[in-house]
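Consider the two complexes below, in which subunit A is the common component and subunit B and subunit C are the respective partners.
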Partner chain A sequence: MNNSFLRISIWVYLAIFFAYLLGPLVIMSITAFNSSGFPRMSPWECLTFQWFGELFQDQRILNGIKNSLIIGAGTVVLSVAMGLAGALMLTQIWPRLRATYYTVIIAPILIPGVVLGISTLVFWDRINRMLGLGADSFLSNGIFLTVIGQSTFIASYCMLVLVARLQRYDMALTEAALDLGATHAQAFRKILLPFMRPAIASAAVLAFLASFENYNTTTFTFGEYPTLTIELAQKVRYGITPAISALAFIIVALTVFFALLNEAKLKRQELVAAARKNATVEELAGKIKLPSFFSGNMAAVLLVVFAVATITVVGTATAYNPGQCIADVKEQKRLEADQRIQELRKQREEQRKKREAEEAEQGDAQSAPKPSNNSGFGNVFAPNSLGDEETSEPETPPASNDGFGGAFDPNALQKDQ
Partner chain B sequence: MSAGVGVDLENLWIRFGDFVAVRDANVNINGGDFFSFLGPSGCGKTTILRAVSGFLDPSEGKVLIGGNDMRGIGPNKRPTALIFQNLALFPLMKVWENITFSMEINGASSAERRKRADELLDMIALPDQGDKLPNELSGGQRQRVAIARALCAEPDVLLLDEPLSALDLKLRQHMRTELREIQKRVGITFIYITHDQGEALTMSDNIAVMRAGVIDQIADGKTIYNDPATAFAASFVGENNVFRGRIKKIMGNEALLSTNRTGDLVARISSVNQGTMREGDEAMMFVRPEAFAIAPDGAAGDHFVTARVNHEEFEGNVFNIFTEGDGGKEIKVSLPNLGQSFENHTGQNITLEYETRNAVLVPAGELAAE
Partner chain C sequence: MPHFLKEFFNRNGTGMGLGILGLVLFWTIGLIILPQLSMLDFSFRPNLPPPEIGGPKDVYTLENYKYLVFGPEGGSQDYNTVDLRVFFRTLLAAVCVTIFNLILCYPIAYYLGQSKGSHIRIFAIMLIIPYWINEILRAFALRIIFGETGVLNTLFVGLGIWDMPFDFIRNDIALYAGLGYAYILLMIFPMYNVIESLDKNQIEAARDLGAPWWRIHWRVVIPYAKPGISSGCTMVFMLSAGALAAPQILGGPSSLWFTQLIYQQFNDNNDWPQGAAYAIVLLVTCILFVLAMMRLFKVNMGDIGK
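Up next, the complex of A and B:
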């Protein structure tokens, strides 16, 4: 019993953990399909794909994506190259200097991105001036500065990834290649580089993602080439639309897709290796029968499901027209609003009548307490508690009006859509 | 094949900082020989190999291959191929790509490489294994692939750095024979590094015994075993019983050693040391366990040793008797099992007898660690 309680607590904990982790993403993804003008999940109005359309018509977002991709590619090339050089240096350097060297090369990770951004800007501006170049020179180009600025610390991340793999490299392999007649360049290209390939791929992905999401360094260096993060930040200042949710959804979908693809490939390699290990010599010499791509490969199955779902959604989106639904919702909202207004008017009418009747009955009798009474002393000091004043205003809207936001404002409907 | 290419080390010194790894090594290795460097780990034998292959520059002296000074010539330009202790097969390449790596460097076509790989795979008795990856092979198979890869480069000198040490005993014994056969077939010079005296004795034409950076003796296996030059060589190669003492009298090639425990004993002075040993010098006498025989009780003289038996053991082909010996070390006696009956001597005194030619006298010196 105690054991089952423990097990349940673990599951509850996991559920909370994942809800905390993934909840915002899920909600944001859902808001991308709601026709409501503000990104929200409830009240659910209509299933719509219009935000995707709007996203792809937003020139600033598209331009931001383009700049981010260019800068990402540049950062990947520069950071991986510098990271590999740094990692190799770490294995070659005089052992007594190694700790110091490691600290120096890791330091950029610990320096705030803001500082790196400013220092990049100042440094290259100085160099630009020293060389006597103008403000439109290559050295003050936003893309160049951003790539350089981001690479200063992303290269350190890459180096950490590459060092981990390099530590498992047997230096005797390079020596063996040299001994068999290879030059140092050939040994590097034919032996070390293929060995490092998986780590280089990881480092490249890491560098690209770090570059793509970077804001605080880029904000100083982007010049005339705002990246996606910069554009998004600027947009948020003027209020956001679900088009941004749509963008987020696309990024999430792509991430899931590539994660599944990678997992499926790894699993496949594992299965192939296992099959090769069990294969006899004859099988290896001839055509070895490898297991089919999907057998025992959960990730591959999920990948196909995911792809099919994507195609279905895109297909639906092109065929689906939420116009009718949106018109319906609009109409319904209008009707609701009209109804509320009618009700309100009726209510006020009734109140006025009632009051008039009361006044007629009681003459100078006291009326109900005023809604505007905000005194900390209750009604004691209220002037009307003395019963010599009548200030009731029939036109004052009821306090309940605030709870509906702008719902009763007929203009709100037009603004909303 | 011709006589092959010889390797000479002339006054070779190799230092790492203050540490001297190799001290004044002078070695002539004849072309086509199977030459071994034998010594305990850390004695500098691998350092010598790295100097020959070009990964290390000598601090002083010369490495000559085929009479040419190799100074300043990198490992990729030397006519040597090295088989690494851990083999260093390229893990991401298939076996045939591994074997023909040297051809790839020279720009050979894939078809040529396949053809050559198949020839070499036949030679090392691994036909049709070319498409496997190295980690799909067993230890012995990987071993042979490493040899094929080195031979594919057509070196004049093949260097082997303890290549058998990672194998189990049975395979190691098998590979000894195989290596020797391959060497005879290809006819090139093999330089072999080992700490296993069995490997060195069975395979080599000549052996250099090394101790702490110094080469103690260079000779063929029989000479090293029967006529060691130093106390270290005598104690490192094979089992040996040591008797310490002072030379009392020199009689031509023989000498009388006066020991504390066992009286005066006669021995043959090892050939290298004949004429250099003087009366009164400290010396060590070595007698192999199999060179002893049991003498009748009460026998005495300069080739009899009397000692108390500590324990005995039956090993199958031999019967071992361990008696109290010099300096806490036991004397081991191995009597061949020829079907005779063995008495139990434990706790008794027995008298042992040896022939003078089986007792070797060398100057006192450092012994090999057990």
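Up next, the complex of A and C:
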């Protein structure tokens, strides 16, 4: 009893946790397909793909992507190189210096990104002035400053990734190569680099992603080259549209795709290794029957499902035209607005009736002269009263006064557009 | 040439050795140490137009730091209450976010670290995916949820629990949720790494000896996981105190984050030395706070980052 209670509470907790973690992304992705002009899930209006089209016509976003790619490439090269050098240095530095050195190269991870951005900006500005260069020199160029600023801390991440693999490296291999007559550069290129390649690849991916999504440092250094993240921040701060949701959806889809692809590949390697281990001698000698890509590989199956879903969505998007639905929703909204106006008007008239009646009673009692006509119906039937009301209430949109709220007015639709 | 340098070049060859040494020196001195020192120096200087820099007026001054504490000279108040309040509120909120994250993430780190099976890998992927989505977009997603016509308000008003939409953004709930959301992974990973290496026999021994589940955690798991917990807390605290994107997007109109003040000094007021001084204050306070906490909970610096 106690055990099952614990089990249930664990699953409830996991559900809440992952809802907090993934829910926002799911909801944001869904808003990309709602035709409402403000990104929201409810009320759901129409399924639409127009925001994707809008996204790809946005010059600032496209320019931001271009700058991000350039800066990302620069950061990857610089920070992987520095990270590798830093890791090599860490394995062979003088032991007494080791702790200090480690603190220095790990510190950028903990220093707030804002501080790194400011210090980069201030420092290179000073160098620039010391060299007597103008404001448009290479050293004050936004791309250069951003690459430098981001590499300061991204190199630390790369170093951590690389040093983990470097610790498993057998120095005797390099020594053997040197004994056999290789130069140091050859030993590095032919022995150490191939061994480090997987770690270098993951460090490069990590560096690129970190550079691509960095905001805090870049916001001080970008100069005239805003990256995608900077552009997004500007857009989100000053008016949000579902086009941002569309971009987010694309990024989420790409991330999920590559995560699944990676997982499927890893799983396959594992399965192959297991099959090799369990294979009998004859099987190994003859034809070894390796498991197919999909058997027992959950991630691969998901990957295919995901790819099919994407293709379906894109296929629908090219054929689908939400125009009719959007027009319907527009009409619906207009009807609702009209109805609300009618209700408001009715309410106000009732109030007025009541007030007039009260005033009339008071007026009778005090026999004071009143400017209004004291007919029993108040002003309801006075021909000008409605028109007066409309001019005195600017927040009420003008509408024709027939009982259908202008729904059948042939000009109404054209007016709306 | 010192002995260790000679050995270094012997081992790596002259060309390779120079390359490694050059890159490391460029990184440590050119990118880490000198810029920080330069910013420190800059923060003690008055804000001058470019032609006057290096002139007779360019002397060291404490003016920028005084401004943070006492406000503008001849101001109406004794202390710069606006900026100081923002500063302390930022620190306090960062502490709250850290504690919230710790409570939220400890159970999942324990669960992931102690259970086996293929679903753990799927969970790990689900944890990592949000982390690769742009920081801005994550904040944007929370804004869709917490907005006045957002998902939560529509849901609660629709269910009749509230009659008026609740303003999450003005009450800073969106901001705290966003900051916590942004750094979940940084809290889970160090804890997971440590808890994974905990011998299950220890837990079973405690259980056999009759300890209830909370005491097992209190006396066995948490002391063992202390290095991981302190790394996670340090990272989350430093990053949320230094966050800029989430406060800009999710913060209420009346509440500022200290980094936003720094940003304003740089971009709106064009007062770089003042901004640098604020940045130094933030950096030094955060480091001192973390060191004090580590002393309080008896954690060694060397344990962090393991």
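In the analysis below, the second predicted complex is superposed on the first by the 331 of 417 C-alpha atoms of A that agree within 3 Å, B and C clash if a C-alpha of one lies under 4 Å from a C-alpha of the other, contacts with A are read in each partner's own complex, and residues count from 1 in each chain.
Basically, contacts are C-beta pairs under 8 Å (C-beta built on N, C-alpha and C of every residue); 3 or more make two chains touch, one makes a residue touch a chain.
Values in this document were obtained by computation on a predicted structure and should not be read as measured data.
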Which of subunit B and subunit C A:Asp170 touches, first, second, both or neither: first
Subunit B versus subunit C as contact partner of A:Val77, first or second or both or neither: neither
Touching partner for A:Ala253 - first (subunit B), second (subunit C), both, neither: neither
Which of subunit B and subunit C A:Thr183 touches, first, second, both or neither: both
Dominant contact partner of subunit A by residue count, subunit C or subunit B: C
Which superposed partner A:Ile326 touches (first subunit B, second subunit C, both, neither): neither
First (subunit B), second (subunit C), both or neither touched by A:Leu110: second
Which superposed partner A:Ile65 touches (first subunit B, second subunit C, both, neither): neither
Those residues of subunit A which subunit B touches in one complex and subunit C touches in the other: 183
For the subunit B and subunit A complex, residues of the former touching the latter: 53-55, 74-77, 80-82, 84, 86, 88-92, 101-102, 104-106, 128-129, 131-133, 136, 149-150, 153
Residue ranges of subunit A in contact with subunit B within the complex: 170, 172-173, 175-183, 186, 190-191, 194-195, 276-277, 281-282, 284-285
Subunit C partner contacts - residues on subunit A that touch it in the complex: 6, 10, 13-14, 17-18, 20-25, 27-28, 31, 38-42, 81-82, 85-86, 88-89, 92, 94, 99, 101, 103-116, 118-120, 122-124, 126, 129, 148, 151-152, 155, 183-185, 188, 209, 212-213, 215-216, 219-220, 228-229, 232-233, 236-237, 240, 244-245, 247-248, 251-252, 255-256, 259-260, 263, 298
Subunit A contact footprint on subunit C (complex, rising order): 4, 8, 11-17, 19-21, 23-24, 26-28, 31-36, 38-39, 42, 50, 53, 104, 107-108, 111, 118, 121-122, 125-130, 132-145, 147, 149-151, 154, 158, 181, 184, 213, 234-235, 238-239, 241-245, 248-249, 259, 262-263, 266, 272, 275-276, 279, 282-283, 286, 301-302, 305
